[in-house]
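There are two complexes below, and they share chain A, which is joined by chain B in the first and by chain C in the second.
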Partner chain A sequence: MKRLWWILGMVLLASLLLVGCQPGPRAAYGGVIKIGHVAPLTGDIPKVGEEGKFALEMWLEDLEKAGGLEVGGVTYRIEVIHEDNESKAESSAAAATKLIAEDKVLAIIGPYASKQAIPTGEVADRNKTPMISPWSTNPRTTKGRPFVFRAAFLDDFQGFVLAKFMQEEFGAQKIAILYDVASDYPKGLAEFVKQSAEELGMEVVAFESFTTKDRDFSAQLTKIINSDAEILFTPQYYDEVPLIVKQAHELGWTKPIVGSDSWGSPELMNLCGDDCVGSFFSTHWAVAGAKGAAKEFIDRFQSKYGYAPGDVAALAWDSAHLLQKAIQDCGKLTGNLEEDRQCIRDALANISEYEGITGKMRFNAEGDPVKCAIIVRINENYDFEFYKQVCP
Partner chain B sequence: MKGRWARFRRWFQGIPVASWLLGGLAAATVERLVGLVVAYTLGLSGIPSFFGLSLILANPAQIPAVLVYLLVMYALPVYLVARATAAWTARLVTRMSTRTYVFVHVVLLFLVVYFWGELDSYRLLVLRLLAISIILTTSLNLVNGWMGEFSVAVAGFMSVGAYVSSIVMVWGFVDDDVFGPAVFPPTLASLAFPFALGLGGMAAAITALAVAIPSFRTRGDYLAIITLAYVFIVKSAVENMEFIGGPRGFMNQPNVAGFPVVFIWTALALWVIYNYTSSTLGKATSAVRDNESAAEAMTVDTRKVKVVAFLTHAFWSGVAGGLYAHVIGYINPSSFGIVKSAEVLAMLYLGGLSSITGSVLGAVLFQMLSEILRPLQLAKWLVIPVVLIVVMIFRPRGLLGFREMRFPFLQPRPTEEVGYAPASD
Partner chain C sequence: MSIQQIFNGLQWGSFYALIALGYSMVYSILMLFNFAHGDVFMVGAYIGLFVATAVLGIAASGLLPLPPAVTFVLVLVLTMFLTSFVGMAVERVAYRPLRDAPRASAAITGLMVGIFLETGNLALLGASRRTFPPLIETVTYTLGPITVTNIKILTIVLALLLMLALNLFIQKTKTGMAMRAMSVDYAAVPLMGVPMDRVIVLTFALGSALAGAAGVLFSMTYPVLEPYMGLLIGWKAFVAAILGGRGSILGAVLGGFILGFIEILVAALFVSTLRDLIAYSIVLLILTFRPYGLFGEEYSARLRI
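Then we have the complex of A and B:
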């Protein structure tokens, strides 16, 4: 037993010495601003998490090149802590709580999918920590939560834009919709498009659904083909769209197919090939035909990571820059977490205009962005080509 | 090796559990008073949430600081207080009846965990999720362990319990878009919460009856398939119910599931399930597992026994689901998919079948691993499966399969050999 005490004593002494050599926190946060990033790095949609992570890494690279972020005359280093939410609601809430309580981050970027962003937004708002979800489109994420913002436009707006586009571009009177009833986003968007289409005087002749992970759509597609629909609209993700489009073509569908922002993944064309060429979808972001800062971002991302960035990366990038602008607008960091978080939130809400790579934007009172939507066409080179901009 | 272990045990034995718990209370108080200051002086960014393990994984240079913190904050106060109070608590504890003994220890345990957890909202959230996992694992153990069947319906029961209790609470106590203004004054929400949870559990048990009646007519693997179907049916059903949000999920649950509430329900669940397994009914359940025909021959009503065990499992899973809904404040049908069931099954088989302490251990280990290993990011899902595989190789029945962890050195046992004198080296 005596020996044990000796060893313990030595360990204590040695560690005290070692600790003495470490610099203690002096300036506000020891000169480091911590930002949390909650993303689905594993689970259903790991590509989304990866793109977000890459975009933030590029942002950090820029900051490092500039020598840090200057806030009120003091230069800070920015540190991003990536947390995996495994695509699960409770893990996302726990990750955000950890970032807020243990890592003491000033703000959070993420989560991406609404089913994680809604409960995580509650955590952030309750702990008075600003959060920007780059990709969530469910109105409840930000509703009644002053500390929660988002960078993507909402589904009701997108639904309206799509309905308008289908009417103006194709003069369509009858449309068919095929969507996943078990997933929040497709279902919501399908309903918004239906509603807007009917308001614009069109008729939804087929409103067909399936559930997540279904791989055979022939029953629904046969019904759609047999109806006299002029356009097929399907707000699905990149793993389902190729199957739907290919099966539709095999069953004899030759009319246009229109999708939504969930199509906008670089993976889509690897899976879909020629079948998707000529389709349209609405999005936050178009790679082909991009100009200026967006073009620069695309080229850098492409050369660094080997594929063109999708809307997730672009929105994460814009979220990070919105946050950076808010921190700078704040003027000065006091070192008091509560005050600084409040200050950043107020600065975010007061951004009058930010010129992002996904368009000019500012936040409305709910923390949702006011910005334009883009319609892209998938061209023969498998690129998502800028086709038209539609503003509210 | 054996001699050293025995010496350690004897040293540990010298101090009753109540004293260790008092020590824990002292440590939690010390941390509350000076934790932040000590952490800052050591160069840490704040109080380490879970013994600094995630800090170490994130940055190994922090090992010395974390060690010092643990020593100063936890080891020293716990040991000093435990040793100082040993003689006093020993006298007190030996005079208690078993009932008071258990009660006092549960209350002390609660105080320690709550005092420690309340310092940090991350701790509180994880502790609550952990408690919910304990209820789920233990209740699933009734069916998969004591009854020897294989059920995967736990996520479905959770879902029913979560939705029913949420609907009751939101309808009753919250001004909601769908359910209109609150029917009762929102201040009464905490009082009504137990009833809502009970209703949720009961609803889960009623749907379980629909599974139990056809499936217990057969033997073998059918239950696994039927319960798998049940999980999918519940998920699809909820997805198609517009009034509770469908796939968009259901939110606005009142904030009534604080740590004390969750702790009480967990203690209650463990108590009920412990009594169940040690009752005649519980013995009959084990008899059905070991040999159904023999049990039948010995006048056991095997069908009734199976149905009761299955419904008890469903009830407690439903209660856990209700707690989960109110802890997270948002539920979504896809949160209760087959993945959730698989998670609980992993906890169960890690801890071991037919063992309450095993279920608790499995739930704690699995949940804590997945929190503590967060800094590893993707590698986390390499480490955890490897841990599971290693456990399955070396302990195929789980860590504590078919046996309870005994705490001989934790019992108040004033023997001559040991005595309750302060331990000396």
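Then we have the complex of A and C:
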């Protein structure tokens, strides 16, 4: 121990001397700030990874134009290292470990789905590296993990909003839920909606599940249709929603179908078409009806990549800017990875208000944002149209 | 339990049965489980997608106005034809050089070929999902409590017809006779002057053509295509082939339908959360009492080579 202090003291002294030789403050890390990005670039939801990557590329483009990021009088170049997690929990944790230990990143953006964000958050927190998951909405991602943050609102809040919406909008008394029992996000949200619905005095008459990669839902949907449910709620991803909605209609379901933020991918309507028109889902982001900075972001993304950005891109963009603000709020980078990571974490926790494109937000003690949810309706032009806003 | 669920089970079982046939046919001759078969089904679905896009494009351009029924038959037949070449290529490249190698080597090779097909597709076409264009307009019929679409009926009927045709081929033609003979004695048949390679290639071609047909019918019902779509259904169809009895054609068909029914009925009668657990426990139970499957003979599980 004594020896360690001795070495530490020498290193400190040496660095002081080195700093002393410089005319101004010296750039840490050779003037490059490395940020890790863990995303599903292949696997079940590659579009999610692609959108996140594009949003970060736009962010880097802005920084490049500005000549870099100024922190405490020193200008840094930001480098983003993209790691593919193949939409798998194991690969995601491994990618984060690599980024933290080998690439020595200051912070991580991602992963997106809760299935990967929950185990990856564990890795980031254990290694005291700040992580912002743009899209994960399961409480366990940030719970008891001071280094883990998120840009999306939580599943319990979303579950409450959805239950309230179904009751107020349709006067529903009986609802049916169909979800993937093997994936954290749908399972968590299905349970929260069930709980909130029951608290609001509604009855969940069918609570049916399936397993990831299933393509046939006829048995469950037949049960749902035979129950006297007035609404079908399904918190699935864009590759399953078209199959569920189409099969429900083919089996004779004509009542409303409601979804959650996982529906909000531009890819959804390419796969689903007319079957999804008229459905509702809760989300962080609506393209149709956007104003101000959000509109600017949408136009730029659209002209650059050829499609309108979904909530993933918007949340990745906000995550990157929250991180940028935290790094700047930090005031100065010491070059000591441990200290700088701690400093960025503290700065993130202390952001008092940030005006993002997905709305005004700040972090609560758990690292979860305090913000509003949006309900959108899928209209006849296949747009996700702003329907109403629900605040906590 | 409703009549509706019987229809659901019939449709779902049709896919298992069509794919299980490919496993069983190859097994009966080569004593080999072609683990790339699920991915041949996936390739079949993609071939179906390209054929459908091309045929619909031609029909839409006005050069050759085709009614939907003709389009559908054309897509189905062309896809079956093209997919059979995938099976033949797999046999030629992966299995023929290993014909005298231990069976385990061939089985592992099959797994590798499967991974090659999946990742090759991923590299060529990217990870984005593809939609299968509607070939026939979906018509929904409601008869009291039952709702069926024309596609559901078409799937069930066509699957049964294809199985019937296969059975006729195996029972009535000379090549079919050679196949049956080889499944009894692999070594003696070539001595009788039967061209072994040709029979084996044809077996792969037939199995793959059926997988191609399953690919088209599957994509019409579940029109979201992805490179790993053949994985789970391939494994489950393999279970169906084992359940029916290794190497038995009738067994594969019945195994497929039974497995489809078990899955649907368990979800319908119990909690769907436990579907696979209960469904595959039932399969295990059946195999405990009938280790050779429902129609398997003891000799079909014994190494003959």
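Just a few scattered comments:
Assume the second predicted complex is superposed on the first by the 366 of 392 C-alpha atoms of A that agree within 3 Å, B and C clash if a C-alpha of one lies under 4 Å from a C-alpha of the other, contacts with A are read in each partner's own complex, and residues count from 1 in each chain.
As a working rule, a contact is a pair of C-beta atoms (placed from the backbone, for glycine too) under 8 Å apart; a residue touches a chain by one contact, two chains touch by 3 or more.
All values derive from a computational prediction rather than experimental measurement.
Counting the residues of chain A that each partner touches, chain B and chain C differ, and the larger count belongs to B. Contacts of A:R215 after superposition: chain C is touched, whereas chain B is not reached. By the touch criterion defined above, A:A308 lies against neither chain B nor chain C after alignment on the C-alpha atoms of chain A. In the superposition on chain A, A:K47 makes contact with chain C only, while chain B stays out of contact range. In the superposition on chain A, contact of A:K223 is made with chain C only, not with chain B. Once the two complexes are laid over each other on the shared chain, residue contacts for A:P242 go to chain C alone; chain B is not touched.
Touch criterion met: A:G252 reaches chain C, while chain B stays clear of it. By the document's definition of touching, of the two partners only chain C reaches A:E267; chain B does not.
Of the two partner chains, neither chain B nor chain C is touched by A:V205. By the touch criterion stated above, A:V181 is placed in contact with chain B and with chain C alike. Shared contact residues of chain A, touching chain B in one structure and chain C in the other: 41-42, 181, 211.
Touching chain B in their complex are the following residues of chain A: 1-2, 5, 8, 11-12, 14-16, 18-19, 22-25, 41-42, 82-84, 88-91, 93-95, 97-98, 100-104, 115, 118-119, 122, 127, 138, 140, 181-184, 187-188, 211-212. Contact residues on chain B toward chain A in their complex (touch as defined above): 11, 40-43, 45-46, 48-49, 54, 61, 64-65, 67-68, 71, 120-123, 125-126, 129, 235-236, 239-240, 246-249, 251, 324, 328-335, 339, 370-371, 374, 377-378, 380-381, 425.
Listing the residues of chain C that touch chain A in their complex gives 2, 4-5, 8-9, 11-12, 122, 126-129, 131, 138, 140, 142, 145, 147, 149, 152, 218, 221-224, 226, 228-229, 231-233, 263-265, 267-268, 271-273, 275-276.
Chain A contributes residues 41-44, 46-47, 181, 208-211, 213-216, 218-220, 222-223, 226, 238-240, 242-243, 246, 249-252, 267, 270-271, 273 to its touches with chain C in the complex.
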